[in-house]
Amino acid sequence: MSLFDPGLNLSAYYPGTLPPEWPGGYWIHWGVFVVIILAFVLLMAMGFIWLERREVGRFQARLGPNRVGPFGVLQPVADAIKVLTKEDIIPAKGDKLVYWLAPVVAFVPVLMVFAVVPFQDGALLADLNIGILYVVAISSVSVVGVFMAGWSSNNKYSLLGAMRAVSQLVSYEIPLGLSILGVVVLAGSLSLNSIVEAQHIPFILLQPLGFLIYMAAAAAEINRTPFDLLEADSEIVAGFHTEYSGMKFALFYLVEYCEVLAVSVIVTTLFLAGWKGPLLPPLLWFLIKVFGVFTVIVWVRATVPRLRVDQVMAFAWKCLLPLALINLLITGIQVLVWPEVLPWAVVFLNLAIMVVLILLWSKFFKLGGGRVEV
Amino acid sequence: MKFERYGAGIAKGMVVTLKHLFRHPVTTQYPEERLTVSRRTRGNELIWDRERCTGCATCAKSCPQGAIRIVTSRGEENDYIVEEFRVDSGYCIFCGLCVESCPYEALFMGYGYERARYRRRELVLNKEELLTSEKKQPSGYARPKVEAALPPQTLLLDRDGVKK
Amino acid sequence: MGLVIAFWVLAVVGIAAALAVVLLRDIFRAALSLVLCFLAVAGIYVTLSADFLAAVQVLIYVGAISVLIILAIMLTREVKRGSPSGRLRVPALVVAILFLGTVVFALVNTSWRISSVSPLVPTTAAIGGSLFGEGGFILPVEIAAVLLLAAVVGAIVLVREK
Amino acid sequence: MTVALSGGEIAARLEERFPGSVVESGQDSLLVKSESLRAAAGFLKTAPGLEFDYLTAITGVDYYDYFEVVYQLTSIRHNHSLVVKARCYGRDNPALPSVVGLWKGADFQEREIYDLMGIRFEGHPNLKRIVLWDGFTGYPLRKDYL
Amino acid sequence: MVIKTEPFVVNIGPAHPSTHGVFRMRATLDGEVVLDIEPVFGYLHRGIEKLAEERTYTQIIPLTDRLDYLASMSNNLAYVLAVEKLAGIAVPERAEYLRVIMAELQRIASHLIGVGAFLNDCGAFMTPILYMIREREKILDLFEMVCGQRLTYNYMRIGGVSHDIPEEFLPALKKFVDSMPGFIDEYDQLLKENEILLARSKGVGILSREQAINISASGPVLRASGVKWDIRKVDPYSIYDRFGFEVPTGSAGDCYDRYRVRVEEMRQSVRILKQAVEKLPAGEVRSEVSHLVRPPAGEAYGHIEAPRGELGFYLVSDNSIAPYRFHVRAPSLLNLTALREMVVGWKVADVLAIFGSIDICMGEADR
Amino acid sequence: MAIGLEHYLVLSALLFSIGLYGAFAKRNAIAILMSIELMLNGVNIAMVAFSRYIVPLMLTGQVFAIFVMVVAAAETAVGLAIVITIYRERETIDATRINLLKW
Amino acid sequence: MEIEERAGLYIYSDTQLDKEEGERIEALKASSQQPLPDPDRWLDEELRRHILLTSVDAVLNWARRSSLWPVVCFPACCAFEFITTAASRFDISRFGMEVIRGSPRQADLMITAGTLTWKMAPQVRRIYDQMAEPKWVIAMGACAISGGIFASSYSVVPGYSRIIPVDVYVPGCPPRPEALLYGIKLMQDKIAKRSIITEV
């Protein structure tokens, strides 16, 4: 199906939110949905900013923002207005065009991810049959934005941050993709909506190891602890956006939370059965799960320290990648051997396999040390 | 090191943070809630007792940096009249040595701490501003009599057992 | 109609970006233009109903190859020297134009047997089938796997510390 | 309890090894001739029974006529201590041998004395200002600095 | 695999998020690897040694507060000990106990910050340091109760302490002493076994026993390298010989050992506090000393085991009301001597972890 | 105007020629690699276009394009490794000065 | 924050860099012998003001005062009172201020926590210059206001106002966290009345 040729299989998913006989056909659907997605992403990102600050506050035995509006919910709004109206500084020696473009390049792909996410049954902008592949592909583009920012700032901390970004993001894309493949094998489709529909029991139970790998790899892709090396403020100040101020910085800040939102949404869709759930309306289920995933991410952030750059790379290549491959292999075998029999037995089997694999792998895998003779 | 604990250490740590999520935060919401400061607090102001002061300038002498300026003139009954008594609270370090050394108990540390100002020159306290007033109470630093009258200090220790 | 506009926009962007790649002196910007060119090509694939291929194009070319190239640019620090053209500029131009002329001449004068069947969508399953299915390209896949392995090993051996 | 060794006894041992090296000895200190400081320090660090392996502190004092540099030595093995002093004369370019080769802990302290008091330590690998900036005039810890 | 690139110089500090004040490291990096590092001091050099020569002995006490501003009580104690040694002044028994109580409370407070800051430098997102600061607040409350200030106490006096404790102090202290071990356990649970922390700190920044002695390291840095050297034990000052406590030592001398030694020292301090609270006698807290102390001409070196190591004051008196020479043996400065050897070859991230594990205070290092 | 096979082929030829020019004219080894990537992309477009317009139901062209991408990825990895090794040894990646085999 | 332009010059100690730094310090010292005037003109103007703030100004000022992000500038003792202010018990995050930016480009408020030495002064000046407009400064503690106990020292700048304009002075040595919060409240009040006042 082509993006410019709407009308093939979209109609199948119409019983959701929008009536099928909408006047004007799909163009209006597109227009409306783009606006809805923009609003959803921006609102949720702001909500996440607020929620993270509140939650981290509570994890740290304090309160968090509570003075701007009720419970401080207007805090992100105030931040946004303030940041947007701040002076925009452009480094004198940097590459101005690239400097200007970088936040945009980083922001657009993240926004495009939401085009294929089903908010509830069939309610999505475009049900691409390559859905999850599209997500992985598109999200790999924003690395270029990060790199452009680090390069054009003409600052060594920025450059260090950008170098770390590139090596880290490129490495973690592989375990990320492989862990998704397990889900795809189970669901038999790349389309996100079909994946949700295929989850009679959430895939987190069938793919516990895949879920852990995905969470780790995704945390690295979006620079969350313990892999938040790109902007490790105790090491390289603010990383690649050290030199950014004003509106461009606001975009990077937004990108950060949009990425978290994207990951939460995709985890919800792939592993937590998306909008499925009893009693409550599907959209509500969807939101509850997204916030749940986000809370876990914040919880991890509030607890663990950060790994060193070479340890991060070693973790991707020596730990996550082999585990993801083994996981994929086991999943493939299971799908071939027991197609649709006794899913609950498989759940327990897979949990056992996960425990055994982690225990085994811990024997081989070493971190630490790492001095280089110079 | 070997990655030998299989994530058990991380899990333990996460339990600790999770426990804190359900504990009562220790935060004091300052402008609305206030901590009662210590009875001996050395607040960011000095308080001077016009009646008791004899103008002996012991305080000025004991000040490590000469933040107190006293000008006196000879009075009728062979005593000193304090013409000028000035403390620059932007220069004073509130060490309390002047209060300790005052032989007539005429100088007190202030109990208040809200002394921030927009202008540098407003930080300089002259004779009138040093007197005690509604807003300015002396603290019990080196003055046991004042100390006994002040309320006890709020302690964070007392909040330990409080549940949410 | 949408298809026509899309093609022309993508084609113009792609060509312009490709020209920028070979003409810009600033090699970092040239690499960024290369990214743009790849994205345009991915768009072209979409207009050709090859959506799976478009995603793969973005994933591999944009996500991996150009990032690797940018990384190599950083590591070699050749940026200050730029990317000048060499002595061969004029002959290269002649060769390129001659080649272009020949190819365009040939393809204009060939009568293509255009099939009027509408293209196959979705392509994912079909590609999978033709790669791994019976009578498919399973041997080339194996060979490609060996090639990739060889490339990875070779690359590691090349840049290894002595 | 860290035992403060008697300056006299050690002075005698030093004299035996390096005649003429000790100028005077006090209760728990001894004053060493500046030329033989390096040799005496080496002896104190290694001589069996003494083994002052730990240099606690170095400081300089300006006595107008001369500068006195005070070395507080401790032996972690035997838990005893000693104060060694050396003097250098002249206010323009006073100098002493450096002990960085023996105790690396002297590195920053000697630089600091050089910076603040203007005593040169011959043989220090990186003798330059440490806490003040290049271009600062005068040596603040000298008594005649205003 | 390391790809050699052109080395470049990066300044870490002086106003860097994690240099614990205003320390600056001029680091030569090859990619992420540190090839060389030059510590640059002096961004907080305030000339305390010169200023002290112009003040009376009592007026110097506020100055010592601001040396190591995380351990003002210890600084006060070291200074008054040196002056008492110089002038031969005796201290009442109760004052000695109060001094020990204050010094040990201060040690806990300072180690809390040290450990928290180290964990922060390892990249934990503020949580450990915020928990530790919460505990430190309890100690600051106690200090404030006694002397009215939260950071610069100016509490010790030559010949005793400035005030006796208020009556609500002892119950509060008892409560603190009882609850503190539980909190230390909790923080241990938070990060002691965390795989990431272990990977970041075990085997990183090793300072061998010989090196540690040779560079005159002291305090937890020296003990983590396996040297059982604690001034409280080897040269007991004040009344430390009356308390039973252990001297924790490390074995490897790496960042993790330094972190563990600090945590264990906190437990030992709690132990000392427990004993001190039980034994605290009644009586005077300050002996009769003239306001203007005039020690006889001479010199004295008084040292204590401050939280960061051996803190010594070298005083020279010329029988006037101000010291002739006032020198501080700052543990922070000396512990940094080995920084270069410790960090060369490690990554940038390790530099900050190692630096954090040394736990310095620039106010003291630069003076 | 409808878009036909010829349009795609001309586009592909243009990309290929631009890449060809770059591969000959550039002196920077990385720039040459980038030009080669351009050429490969041009070829890919042609193959997908053929597949789309001539045998729409068989995806042979697309499968070939995938193989080309695999080769391109391998080529880039090895090529960049060579470039970095040469840079390390000779401090330059100017292709006109990398003439080790000549002598 | 400082990045040297030249690479490859470094040996164990680079005397050239030290020399340049010394020159910068001496130049700054020579050029800042008098304190800068307090930016307090708005206080007088406020007295005879009768125009209301426009709603745009009101929203802008609300946003600015509700999210003051401080920059890292922690030279000495006061830093720990500032950190305590940021920590759980006083929790500066209630005011939306816990986003302590390492990069001055993204910060609004400089809380000068500690003694400023002449050696440090160029760095502080540089951080201040790097901050994007609008920016504010709170001088925290006696050292920041006047040099405090170290005012007479040979290496200490007697007050940050020699180097950068100071909006709010918070006395104390160091001020309690509440005192600092009170200073922040004054700062917010000042921001709330922006716009009619000309930039000072």
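By written order: A, B, C, D, E, F and G. Residues from 1 in each chain.
Criterion: a contact is a pair of C-beta atoms (placed from the backbone, for glycine too) under 8 Å apart; a residue touches a chain by one contact, two chains touch by 3 or more.
As the structure is a computational prediction, the values presented were derived from the model and not from experiment.
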Top chain pair, ranked by how many C-beta pairs fall in contact: C-F
Reference chain F; chain at largest CA-centroid distance: B
Rounded Å distance, chain A centre to chain E centre (Cα mean): 44
Interchain centroid distance [CA atoms averaged], chain E/chain F, Å: 63
Gap in Å, rounded to a whole number, between the CA centres of chain E and chain C: 62
Euclidean distance of C-alpha centroids - chain B vs chain C, Å: 71
Junction residues of chain E - those touching two or more other chains: 2-4, 6, 8, 10, 16-17, 42, 45, 47, 50, 62-63, 127, 130-131, 134, 137, 152, 190-191, 194-199, 202-203
Shared interface positions of chain B, touching two or more other chains: 1, 3, 5, 7, 10, 13, 16-17, 20, 25-27, 29, 37, 64, 93-95, 156
Where chain F touches two or more other chains at once, by residue number: 84
Complex contact set, residues of chain D against chain G: 125-126, 128-129, 131-136, 140, 145
Residue ranges of chain E touching chain G (in the complex, touch as defined): 6-11, 14-17, 21-22, 26, 28, 36, 38, 42-48, 50-51, 54, 62-63, 66, 69-70, 113, 129-131, 133-134, 136-137, 140, 150-152, 362-363
In the complex, chain G residues that touch chain E: 1-4, 6-14, 17, 72-77, 79-81, 83-84, 87-89, 100, 102, 114-115, 117, 119-120, 123-124, 127, 149-150, 152-156, 173-174, 176
Parts of chain G lying in touch with chain A, wherever the complex brings them together: 1, 3, 59-60, 62-64, 66-67, 87-89, 91, 93-96, 98-99, 101-103, 105-106, 108, 130, 132-134
Chain G partner contacts - residues on chain A that touch it in the complex: 53, 57, 60-68, 72, 74-75, 77-83, 85-89, 155-157, 233, 237-238, 241-246, 249
